[in-house]
Every structure is written in C-alpha cells, then in structure tokens.
Amino acid sequence: MDLKQQRRRNTVITLVLALGSLVIIQALIMAKVIRSYQMVTISTICINIILAAGLNLVTGFTGQFSLGHAGFMAIGAYACAIFTLRDGSLVSFALGVIAGAVLAAICGILIGIPTLRLKGDYLAIATLGFAEIIRIFAQNLTITGGAAGLSNIPKFTNWPMLWAFTVITLLLIVAFIHSSHGRACIAIREDEIAAESMGINTTKYKVMAFAIGAFFAGIGGALYASTFYILKPTTFGFMKSIDILMVVVLGGMGSMTGTVIAAAVLAIITMLLQSFSELRMVLYAVMLVAIMLFRPQGLMGDRELGVPEFLKKRLKKAPKAE
Amino acid sequence: MDQFLQQVVNGLSLGSIYALIALGYTMVYGIIKLINFAHGDIYMLGAYIGFAVVTIGGLGFFPALIIAMVLCAVIGIVTERIAYKPLRNSPRITLLITAIGVSFFMEYIMVYFVGANVRAFPDVLPKTQYRLGSIVINLQQIVIILTTIALMVLLQFIVHKTKIGKAMRAVSADRDAAELMGVKVDRTISATFAIGSALAGAGGVLVGIFYNSINPLMGMMPGLKAFVAAVFGGIGIIPGAMIGGVSIGVIETMVSGYGSSMYKDAVVFAILILVLIFKPSGLLGKNTREKV
Amino acid sequence: MALLTVKNLTKSFGGLTAVSDVNMKIDEGELVGLIGPNGAGKTTLFNLLTGVYEPTHGEVILNTHGKERQIQGKKPYNICGEGIARTFQNIRLFKELSVLDNVRIAMHQRVGYTMFPDAFLHTPKYVREEERMIKEAEELLDIFELSHKKNEKAKNLPYGEQRHLEIVRAMATKPDLLLLDEPAAGMNPNETAVLTSTIAQLRRDFGLTILLIEHDMSLVMNVCERIYVLNYGQMLAHGTPEEIQNNKQVIEAYLGEER
C-alpha cells in the first residue's frame, strides 16, 4: 500500500472517530445524561490528553525525562487567568491561550537550552527544580495572587471547544512525529551519538521537542484555568507533574493512542474513587508501583492502536489459512 | 557579624539533618544508580517512630533514636526487596517512577492511618540555652550536631574498616565484577539500604526534636533538598553528601535570615540547576564520558 | 590538495594520549585502510574525524567541491553535513525503528520541507518529499538487498544485515568520504568476500572516498590501495599493502618484539 492511500485511509478513520466522539457526547449532554459532575471528568480527560501528548513527545518520543511539566502548565494557566480577569471577553480568552502557550514555549526553550545537556535522572531532577521555582514564584508574586491564587476566572470552555483543542493537539503532534523532524527526535531517543553522527543537531531537536511540549502544556493550563475557574499555586506542584507523567507511562511511552486511553482510564478511576478520598492516593501509589513492576511498557508499549492495525492482522492471517 | 554567626549555627544544625538524609541518597545512588524518592519518607517514618516511642512508650531521646534507626533500616530493606529488586535490570526511568510510587505510598498510607494533621513532638530534651558571646545555642542544636558527627564517624568506620563496607565499595565500583569476586550483591545492597534508612530515621527523630512538629508529608521537601545536597557534593560520594548537606543548610538559613524566607526553596533549586549545568559531577565528583 | 588532510592530530584523555601527532592524507577516490593492534587509537581517530571527540590539537582539513576548510572540533552533525559519514564498530542502529526509518533519519539534513508548516500540517510538499525519500532509501537498501525488509525493526535483522544497514544509513547522508569502523567484524569468510566486493562497488558507483578500519587482513589487503598503521596512538607506517606486509616495524607491533 502506498503512502497516499495509507494516509487517506488513516485520515478517514481518524475523522470518523473524532467526529463520532464529538457528536455522541454532545448528544448526551443535551439529553442531560452527562451532567456537570461527569463533565468535570470529561474536561479533565481532554486537558490531561493535551498535557500528556506534549509530555509524551518529550519523554516517550525524544527520550528526555521531564518531571517539570506542571511548571509549563502553570504558566499557561496563570497567563490565561490574568488575561481573562482583566477583561472577560472571548478575545481576551483567545489572547490568554495564545500568550500562555507562547510564554510556556519560550520558558521551555530557556530552560531546555542549559538543562537538556543533562541525561536521564539528572535531567529529571533539573526539570523538577525548574517547575518548583516556577511554583514558588507563583506563590509569591502579586500578579498571580500569591498563596491564595486567583479565583472567579471567567469560564469559556465547553465540550466542543475542549474537543477541538484536544483533536487539533493530537493531529499536530502525530503529524510532527511522522515527519523528518519528528524522526530526528525519535533518533535521539534511540541513540544520541548515532543520531548526531547522521546529521541531526541533537540539542536543537531536544529543545524543539521541549518547546513543543511546553507549548501544549501552556494550552492545557489555559484550558484548565478557564474550566475550573480557580488557580492555586499548590495545584502545580510536583504531584501534578507526576500525574501527567503517569498518563504517559500508563499509556505507553511513545504511543499517542496509549496516552488518550490512559488519560480516560485514569480520570474515570479517579472519579470512581472519589468517595475514598484518603485511600485513593494509596491505591494510586500502589497502581504506579504495580504498573512499573508488571507492565513497565504501559498499556500500549510504543505501538499505536488503530483500526488499520487490526485489519492488517486480519488480512495477514487470511492468506495463510488458504 | 553576630547575626551571621548565629545563622551559621542554625544552618549547621539544619544542615546536619540534610546531611544525614543526603547520605542515604548518595549511598543508594552509588550502589544501584537509583534516586530513591522514597528516602525522604523514610525520614518521615523515623520521625513518627520516634514520636510513638516517646509518647506511647514513654522512653527518652536515645531509645527513640535507636528504635527509629532500627525500624527504618528494616523498612528500607523491605522496600528494596519488594519494589526495587525485581527492577534491577530495568531502565532507570522505570526505577525512578517506582521510587516515586513508593514515596506516595508511604506518605498516604500514613495519612490514612494517622491523619494528615500536624502533631507536636514532645520535648524530650530540656530547653536549655547556652550563650557564647551574643550567639545563642540551645541544647537541641548541640545534640543534633553531635549525633550527626557521631553517626558520620560510625559510617566512615563501617564503609572503610569493615567487610560489608568493602563489599559496598566494590559493588558500587562494578557490580558484575564484585559478584564474580564472590561479593554477595543482594546482601550488600540490602545493607546499603539499611544503613541509609537508619541514618534517615535518625534525621527524622532529630528534626522532630528540633522543629517540634511532624506530619505525613514532611518528608517531601527535605527529601528533595537532601537530594540537592547529595548532587551538590557529588552524588555517590559519601563525604560529598556531608559537605553538601551542611552547605545547603547554611545557605538556606542565610537566605531566610538576610533575604526572604519565601524564596529559600527557590534558591536551593536554583543552586541545584547551576550545579547540574556547570559541574554535574558535584563538588567532589569526577567527570565520566560514554564510550563510543 | 588531498580530499582529507590530517595534520599533527592529538587527543589526550587526562594523562593518556590516545592519538598522538598523527598525519594523514587521503586523495579523492582512494580506498585507504587503517590498521593497528587493539587499543592503538583507531576508533579514537575516527571519533576525532567525525567530531565525537574534540582534538587536543592538530588540524583536519577537508577539500571537496572545490572548497577547502578546517573541520576539527566541529560538531558531529556539522561534519556529517560537510560530507563525512561513518559506521560504528559496536553497531549503533536505531534499534526500535524500521529499516526504512533508519535510512530516512540519515537523510534529515537534506529534507526539502520545513518543520512549520510542512511537518505539522503534512502539506503537499511534505508528501512529495517523503515519497522521494522513500524511493531513494529503497534504492540504497537494494545495494545490500535489504529493501524487502524495509518495514522490519532494525534490531530484528541478523547481525550481518545490521552491519550492512549501518553502511546504507551512512550512505544516505550522501557522503564524499565514508569511514567504516570494522565493517567485517564478526562475519564469516563468505560474508566478508561479499562485503569486500560491495565496498568496491559502492566506491565505483558513488565516486566515494573510503577509509576503513579492519582487522580482517584479507579484506584490507584485497581492496585497500594504501594502508596506514597506528600503534600506541602514533602513526607507525604507511604504504601499499605489499610494503606494509613486509614492514619490519609493523610485524613487530603485531607479533611482539623478539627479545
């Protein structure tokens, strides 16, 4: 099958799935089956997909271990909140999202250039340090409302909007991965020295992946601010970074469909465990350790789930049976 | 000048506690290349064990210290056996995430059983203050510093003069070669966890008497800062952890004393990042490079 | 002026001088061998030429397409862009990726589309370029009869084919000078013979200049026009295969001095 055909078929299937989810959930909302309580979970899923898709690009595809994604999310969230609190128009919301994403990407570049020379756990700790610094600033600056944070942030997000942001994020990141530039990132994960010797400016692509990840974290943060209308600096601590990492790891590092599935599974588990508030965290911890012990590659490994894959297997099996 | 010396004294006692925790990080990292995120929580458990011994057992400072050290050593060994040993040949990221999971587990199992609220640590030492000129040193600070020094001397003795210490150094230099030479690797790793955790347990009791308050999440920040201390001194190097711990303690009290205490944590993390960028091997570390 | 000129190249690691005062000249179209006992500094020399290590001092001058420039101390990806490609002694393929992706990654510097908008939006330009890259990659894979395995993961190839894929990957960067680090390591005599003729063919078809490190003397003596011998980081001798085979110092270095 040639490239064009494959692309066309994938596009059709993606469109069907994406539009299907939009229509079905919208219908359920209009039929009042999904109420504001469930809508919180659905919003969380969308925002976590956006955050985790960016982190997956950095950690799963480029192989750079970041424990500071919540920092970039915080930048987007505060930027959007500050814009919309000044002037509650849709225009200022749009500007807030853009400003948050761009600001986060710029911070990603500034943080990435010095730290991405580090490897493995050193990089993880450096990014953790940066995220903590961002949080401490949010906690102490007046513009971010100090330790009390910001509240009464105007709400602009609704299901179709969250849906659109999620789908566009996924399409853009998946498209990037399937380009020469995306392959350059994956080559870095596979073997940095070989990648460099084959002409890939590894520093540039690491910083690029970091910036793209931060950009989408900024968008995720902005949507978070607008959806939950309260921001507290403690929200963006180490724990939040782990939450996002957990989505990536559970889904499988290097699998975008895995990220989508894991974001949904985790949000639903969280919703179901809501009534056991304290035990919830214990179970969360046990789950984290158990996944690492028994299925460290996550649900999907680095494979992608897709109808084409499934059909391909069917087609391969058929001739053998003859 | 007096204020400066006072800050140094305060910094030394805080730094001693960081150093005790940092030692565990550095020893474990040296031997299995794991950033044991749960180490800060072992220190928290040490504080709770000390608390239980004093309030329920009605015993004094030294029994509390010893019992906390012993129980923390056991917890350290058990954690390693259950969570880390099966992953010894896994990618580092898997181990790191597991350690984060273990850390959350310890924190929230304690929240579940003892509640999230802060408890007041009973006074086990008299509140005596000594004056040296205009500097005030209280008995707690003296006990913390002396206990830390004693434990470090003991640790140096174990690492350099005993058979298990020699095994630890061998495994940390080259695990496979050590195994071929007949070193019992599993036992050595257990011993490392035991010693590191005992030191953290001691740190927990000491911080209990120093700050008088304990809670299940108290291990997070000092754990991270002790890790910064270990990196600052050169991770995997025991004297580095001591120097790093004391330095971070002093720097932190200086920032609180002369700058703004709001930003003291930010300064510690900024130091971490600067060290990682300019001398990732730390103050006492040597650079290594990948063979092509 | 020679295609590659190495002048007084030296690399020390702390107290150890791995490559010491090495001089070399390789003319365009030549096939030159680099031999020497284990630990003589051959791979270190490759790492210096390809920018993996920065030399302590000395010069590396490349002269291609009528341009002469110093390349010592440049980054590996820049040196790749200057037209030097390499393979690795201990295979360094992108193991989890397909054979095709391994080759396409090496074409990255010549990709004709931009990150934004082409890569993000898969514009018609992206499609055209990707199709071109796949076609070129298949042509290169055909040299070693690997194109039918283009969708397999690199790690699933047999050892010999992994070595071949390393060469194809290096070729995909369109080099003027190809550095092969023990291409025949671990191969049996038959496989080595096939490799020997393929290397000769590569050089003819692509007008390549090749420098190769090899321990298999049948390969070196058969295809190389000139040989450099490195010992203890120093250039011990150079000359034609016959001269080297009869060089007393070289024999001593390999067999040990008689006392």
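Residue numbering begins at 1 within each chain, and the chains themselves are lettered A, B and C in the order written.
The working rule: a residue touches a chain if its C-beta (ideal position, glycine included) is under 8 Å from a C-beta of that chain, and two chains touch if they have at least 3 such contacts.
Just so you know, these numbers come straight off a predicted model, no measurement behind them.
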Chain located farthest away, centre of chain A as origin (C-alpha): C
Chain at the geometric heart of the assembly (C-alpha centres): A
Length of the line joining the C-alpha centres of chain B and chain C, rounded to whole Å: 49
Centre distance in Å when chain A and chain C are each reduced to the mean of their C-alpha atoms: 40
Chain A and chain B: spacing of chain centres that average the CA atoms, whole Å: 34
Shared interface positions of chain A, touching two or more other chains: 193
Junction residues of chain B, two or more chains touched: 292
Multi-partner residues of chain C (each touching 2 or more other chains): 52, 88
Chain A contact footprint on chain B (complex, rising order): 35, 83, 86-87, 90-98, 100-105, 107-109, 111-112, 116, 220, 224, 227-228, 231, 260, 262-263, 265-266, 269-270, 272-273, 276-277, 280, 290, 292
Chain A contact footprint on chain C (complex, rising order): 50, 52, 75-77, 80-81, 85-86, 88, 92-97, 101, 104-109, 111, 113, 115, 118-122, 126-127, 129-131, 133-134, 169-170, 172-173
Chain C-touching residues of chain A, taken from the complex the two chains share: 3-4, 7, 172, 175-176, 178-184, 186-187, 190-191, 193-202, 208, 302
Of chain A, residues touching chain B in the complex: 59, 65, 114-115, 117-118, 120-122, 124-126, 128-130, 132-133, 136-137, 139-140, 193, 238, 242, 245, 249, 278-279, 281-282, 284-289, 292-293, 296
